[in-house]
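There are two complexes below, and they share chain A, which is joined by chain B in the first and by chain C in the second.
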Partner chain A sequence: MIRLEGVHKRYGRTVALEDVSLEVPRGQLFGLIGPDGAGKSTLMHIVAGVLAQDAGTVVVNGVHVDSERSAERIKSSLGLMPQGLGLNLYPTLSVEENLDFFAGLRNVPKAVARQRKTQLLQMTGLTPFRDRAMQHLSGGMQQKLGLICALIHEPELVILDEPTTGVDPLSRRSFWRLLAQLVEERGMTALVSTAYMDEAALFDQVALMQRGRVLSVGAPQALTDRLPFEQAIIRVRNPESWQTALAEHWPDWTRWFEGHHLHLQVPKAQRAAFEAWIKSDAPSMEGIWWQPADLEGLFLQAQQVHKETVIDLPPPRAERAIVAENLTRRFGRFTAVDEVSLDVHAGEIVGLLGANGAGKSTLMRMLTGLLPPTSGTAEVAGVSIRGNSLAVRRRIGYMAQRFSLYEELTVRENLRLFGRIYGLWGGRLRERLDWALNWSGLDSVADSRAGALPLGQRQRLALSAALLHGPSILFLDEPTSGVDPAGRRHFWSLLRQLCHDEGVAMLVSTHAMNEAENCHRVVMMRQGHKIADAPPDVLKQQLRERRGELATLQVDRPWQAERVLLDAGLDAFVQGRQVALFVHGEAEVSGRVLPLLRQEGLEVRGWQLMPPTMEAVFVSLIEGVA
Partner chain B sequence: MMLRHVWIIALKEWREIVRDPIYLALAFLIPAAMMFVLGNGLMLEVRHMPYGVWDMDNSAQSRDLTERFRHSRYFHHAGALHGYRQVEKALRRGDIRFALIIPPDFSERLARGRTATIQTLIDGQFTYHARVAKGYVSAIVAYYNLEQALRWAAVKEGRSPQALERLMMPVRLEVRYLYNQALRSEWSMAPGLVMLIMLVSPTLLTALGVVREKERGSIFNIQASTVSRAAFLLGKLLPYVLISLLNLVVLTLLALGYFGAPFKGSVVAYALASFIYIFAAGAIGLLVSVLVRSQAAAALITLLGTMIPGFMFSGLMMPISSMSPEAQVEAHVFPAMHFLEVVWGVYLKGYGLAELIRPVGLLVLYALVLMGLAWFTFHKRVKR
Partner chain C sequence: MRAVWALFLKELRVLGRDPFLLVAVLWFFTAEIYVAGTGIRLELHQAPMAVVDEDHSLASRQWQAGFHEPWFRRLPPPPAMALALKLVETGRAMLAADIPPRFSERIERGQPASIQLFLDGANVTLGSLAASYAQMIHARFNEQLLYDRLHLSRDQAPPFPHVENRLRLLFNQANRDSWFMAASELFAVMTLIGMLLPAALAVREKERGTIEQLLVAPLTPTRIMLPKLLAVMLVMVAGFSLSLWLIMHGLLGVPVRGSPWLLYAMVALYAFSLSGLGLFVATITRNVGQVMLVVFMLMLPMLLLSGAWTPPESMPSWEQALMHLAPLYHFNIIGNGILFKGSDLALLWPNVLQLAAIGLGLFLLGAWRFRKMLA
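Then we have the complex of A and B:
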């Protein structure tokens, strides 16, 4: 379907693609992964014929794309969904009008369009909202509408640039289910990029890109099988003692913490030795689970991220940094936040989870004093948020969802500007500036233009800017959205360090459930209400008591397996390349689940019982209430 | 197929405009507001200019002189002044634009048959007004002198002043203003503003319309589809042409009803020329939008790029013939000048299509060339 040979592209002096060769067979779900600025979007735009390559051969659907004229010939058979949630749609047009517009652009005959529209709306569950303006849809719905608009002409090739960035796990899951169904039913080819590695595991093939080059291509299974390590997840009691022990015995292994779970990349050759060590010398632990290396491991290996310094989170202090009582905010007749009460203690990281449109951003904006509440009270750093917002702002740092940097200024100039805005001068400003550059690891790019940095670095710059005045409370609204795994990890290690060294209290919203594991406590919101407020472990424990344990099954066709299990009345969902479901004990798996799948010709290559993940908690809570 | 694409894009654009309050205001409120503000604010005529008199003589004769200023429609008597201090203060504060100072021996010197000097102090900040004021003051004083001479001669020769006037002033000048008999500046300014606003508004709206799609990324929908460049550009342009035609009706009614301008020429010629002119303006907007990436840049470039030539190089503020040679060239390459010829022609001179063939033909040429340029520079497969 797509063949690239020796493709080059540069923007001015920046190299975007260098000698890229790639083949995408017809009918595949082909993924592009790689850090920000690796050239994924550039590659997709070239394939879509909307960007001219500098050199190299591009063949799409049998057409050599080398001019504006030849590019026209591929366009009737492709659909493109550019980056940015809902940005290719028209906000004031209704769902149906958006679809009609795309159908018209794509020369779909009216009768055919009507039929497809009905069908696509049905599949996406958007039928009840067909008359609603696109701008009033939730993020998940916008993204689905974007997809079906790109598919209304039934293209042979669909190109999706980070379609799930900024979307909650539940919506993401139904998005992939929809795409997999469409690809399979219509024999479509899909070229998709993503920053979420568990999603990439679902693709038929992936290409890992870095700095404009393709590093490796293959089926996810084959790529990860080639990796020389396995992944151990160890639930530990005392992270710091593990840190010391690992540094002494296994100093070279890549490792990171998610809450109390230590993730460790154990070289296959050393697994036996490691297991022996665990039985004899290792610090105490509460459990160990082994998993084959996954794409995240591949990604991190390519990025050469090693030995992150693991910082144990100290328990929060007694004094309360944020006290909110019955906060409510209405916009017209719509209640965005409904009677939410919330505490955040000094030195505590609280994660704020919820689907798109659940009210997370509105809550944060009220607490930062940017948006007056309709009713309810809140104190931030001991100051009421009503009225006296300047006093509040001096004590807090806020990083908004779309953080604002001055793209034409350098990193240093941006920081200096923000410092001055916060009233820092002279020696104090210089001191904070040096601290920020050093702490965030941005000193090497201090004199680069902010607009030229990859997203991960821009996001660290925004964080540094929010911290210059040394606030004791930090609000972060989806700070890692769209950032690649390495960048996310770096960011979170900075947050933990901040909590550990300076006792800063934080309220962080996120759609990445593994990030929630890093929090002391998680607050979950749904349609403006708070529906859960507890440490991640407690939530997981509650889930285990309610629903049983999580069995993860390795199968070749996870979507079909999910279908079979759901039809049998079991609560299954796709998680990475695996299918997961809640079971009560091992007997249920071997006695019921495996025979069921075998009956449908689906071979299970392996399975194990895992502690429930935060993602499972999220899905069960959000769905459970619904 | 092409026509269906044009229609679909135009329909989508129209819906977006009418549903976005800011865009809607930009489309319909701003042109009418500009007409009101500029029409009322841009009075170039010197009328009701405030002045003060310091009459130290205070005689029948000095009052006779100052009375003539009082009755002029160009001046407005702001009050009597006493002493230099007051004169200076009034001028400094801008209460008056000029002062008339009559010395204490004014009537006495005239009675003795000697020349008397009076002084006028004029605020020279706004040179145009100062020059006009000086002209009017000189004319009034000259006429006063003439009257004095006639009266003296009448007494001396024993003839009637009328007879003497015929003798002493054999040539009489009769002035008639054509096309704008009362020489009312709003008669000229109102149609001129139609020219200006019909240049600024379609250009701005069209430029923003395309750049908005670039900013968001929805331009990819067009670039990745089989919609032709011409269909996209036409589809984008049409709603703004329609909006501008509605605005044209509103502005024309304002010019006629509110500013009282006459309309003497051919409605058909006016409508046709305006339609073409709006197309040309929209095409300028398209061209700008192809070249810039942000709405802010598009707004700035179109505003500066249309306001300045529309005002300065169209003949609205200054006749083309009195411009420097370079400025004249600039004026000729911009459509504003030719459309001004059309609007003044149909409003004031009673022109029909026959008299306007040349400017209308040039406007057609503009529209075609600009559309062609926009088509030529817009690409669906870009270099970066």
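Then we have the complex of A and C:
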């Protein structure tokens, strides 16, 4: 379907693509992964005929794309969905009007369009919302509408640039299910990029890109099988003692912590030695689980992210930084936040989870004083938010969902500006500026314009700007949305350090469930209500008591396996390349699940019981109530 | 205060790094003024004229000689009057004259003679100008006939009663269009930029979401607003200086007869008056594109009510009353007064006072709306 040979592209002096050769067979779901600024979007735009390559051959659907005219010829056979939520849509048009517009644009005959529209709306579950204006849809629905608008002319190739960035896990899941179904039923080819590695695991093939080059291409399974390590997840009691022990015995292994879970990349050859060490010498632990290396491991290895200093979070302090009581916010007849009470202590990281449109941002905007509550009270730093006092604002830092610094200014100028706004001057300002640049690792780009930075660096800049004045309370609204795994990990280690060193209280919203493991406590919201508020471990424990253990099965076709298990009345969901389901004991797996799958011709290559993940908690809480 | 200073520097940097705004401001303050000063003329220039001379006499040629360059341009004579009229109809000629046979014979005999003159009245300004020029030329021609009949020469005092016509223009003795046109254009440009810039600066913060970061900072709405207004004032004063000294004074020779300091003070006052309107525009729009639309919508009535293109005296009384509310009307009087007449405050104070009052009103409106938007 797509063939690239020796493709080059530069913007001024920056090289975006260098000698890229790729082949995407017809009917595949082909993924592009790689850090921000690796050239994924550029590659997609060249394939879509929107950008012209500087050198090299591009063949799409049998057409050599080397001129404006040849680019026009391929456009009728492809659909493109650019990066950003609903950017290809018209906010004031309704769902149906958007679809009609794209059908008209693509010259789809009226009768055919009507039939496809009904079908696509039904597949996406958007039929009840067909008259609603696009701007009033939730992020997940906008994304689905964007997809079906790109599909209304039944293209042979769809190009989707980070379609699930900023979308909650549930919507993400149903988005991929929909895409997989379309690819399979219509023999469509899809070229997709994503920052979520668990999603990439579901693609037929992935290409890992870095600095404009393709590092490796292959089926996710084949790529990860080739990796020389396995992943051990160890639940530890004392992270710091593990840190010292690892540094002494296994200093070269890549490792990171998610809460009390140590993730360790253990070279296959050394697994036996490591297991022996665990039995004899190692600090105490509560359990160990082995997993084959995954794409995240591949990604981090390519990025050469190695050991990171592990920071054990101290317990929160007694004093309360944020206290909210029965906060409610209505927009017209719509209640965005409904009677939410919440507190955050000094030195505590509280994660705010929920689907798009659950009211997370609204809650945060009320607490920062940006939005007056309809009813209820809240105190931030001991002062009511209703007064919107300058004294309180001096003590808080806020990072909005959207990058909201000045793109025309350099990194240093942005920081200096916000320093001065917060009353820092002279030597003190210089000191804080140096600290921020050094701490965030932005020294090397200090004099680049903020607008020119890749997303990961921009987010760190925004965090630094929010921190410059040394606030005691931080509000972070989806700070890592769209940031690649390495950047995300870096960002979170910064947050933990901050909590550890300075006792900053943080309220962080996120769609990445493994990030929630980094929090002291997790607050979950659904349709404006708070539905859970407990430490991650407690939530997982509750889930275990309610639903049983989590069995993860390695299968070749996870979507089909999920379908089979759901049809059998089992509670299954796709997690990475695996299918997970709740079971009561191992017997249920071997006695019921495995035969069921085998019956349908689905081979299970391995399985194990795992402690429930935050993702499982999220899915069961959000879906379970629905 | 330091925060205000930091934000002020930020505004200037952001402006300086926006190639579009920068080029627009530079263009408006330089090339636009020069083009207006040299390119636009209010007098008749090379109006094409077709004459069908059916007399071919000394008198007929003398009459035609009155219509000369640079005001008129004679077209090759068409063979028949119908064709000459065709030229007017198609717009290739502005005037068409028919000098009938025996024109000179009738003059010789002392009988009244007539010439038929058609004028294109579609463009009212040019039509009426051409008509009045033709009347003057005609009057001179008749006067000449009188002299000839009395065998007098032109330099002798005429033996009949008459009032001698010796005009002296004040302030712009040579009656140069370029002075007035350039000044009017500059004031119009200042009006445009003075509304556009604060609105664009403010709405951009909304568009990019940067406003949220400012709102969570310990800044009052005044401290967010003030740096923008200061930056706009600086740009206005700088642009005005560039335009005045380089283009108008340097290239077009426009005099600056009054105090330059008073002029600068008035420019600052004018920038302040418009900024309120700009802020107001920013509160009702969502992006720079919408700002442009609204500003252009405001611009047209402002220009029409300014008195620069239309004499205030010839407007209906309700519009005259309205003009006193248009900032540009007062600024035109003040600016032209200081530039050309050398007026000072003692003379201009009624207009200065009115401009200040209007400006304050607009500013309060804009600031009130802006604060409400931020809250």
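The criterion applied here is as follows: the second predicted complex is superposed on the first by the 625 of 626 C-alpha atoms of A that agree within 3 Å, B and C clash if a C-alpha of one lies under 4 Å from a C-alpha of the other, contacts with A are read in each partner's own complex, and residues count from 1 in each chain.
In the analysis below, a contact is a pair of C-beta atoms (placed from the backbone, for glycine too) under 8 Å apart; a residue touches a chain by one contact, two chains touch by 3 or more.
Worth saying up front: this structure is predicted, and the values here are computed from it rather than measured.
If you put the two complexes together on chain A, you find that chain B and chain C bump into each other.
Judged by the touch definition given at the top, the superposed model places A:L80 against chain B, while chain C stays out of reach. Of the two partner chains, neither chain B nor chain C is touched by A:R26. Once the two complexes are laid over each other on the shared chain, residue contacts for A:F418 go to chain C alone; chain B is not touched. In the superposed model, A:R226 makes contact with neither chain B nor chain C. Of the two partner chains placed by the overlay, neither chain B nor chain C lies in contact with A:R317. With both structures placed on the common chain, the touch criterion links A:R546 to neither chain B nor chain C. Once chain A of one complex is fitted onto chain A of the other, the partner contacts of A:R430 are absent, as it touches neither chain B nor chain C. No residue of chain A lies in contact with both chain B in one complex and chain C in the other.
On the chain C side of its complex with chain A, the touching residues are 2-3, 5-7, 9-10, 13-14, 17-18, 208-220. Residues 11, 48-52, 67-68, 71-72, 75-76, 78-80, 82-84, 87-90, 92-93, 97, 101-102, 104-107, 133, 159 of chain A are the ones touching chain B in the complex. Of all residues in chain B, only 1, 4-5, 7-9, 12, 15-16, 19-20, 216-218, 220-227, 379-384 touch chain A in the complex they form. Within the complex, the chain A residues that touch chain C are 368-370, 390-391, 393-394, 396-398, 400, 402-409, 413, 416-418, 420-423, 425, 449, 465.
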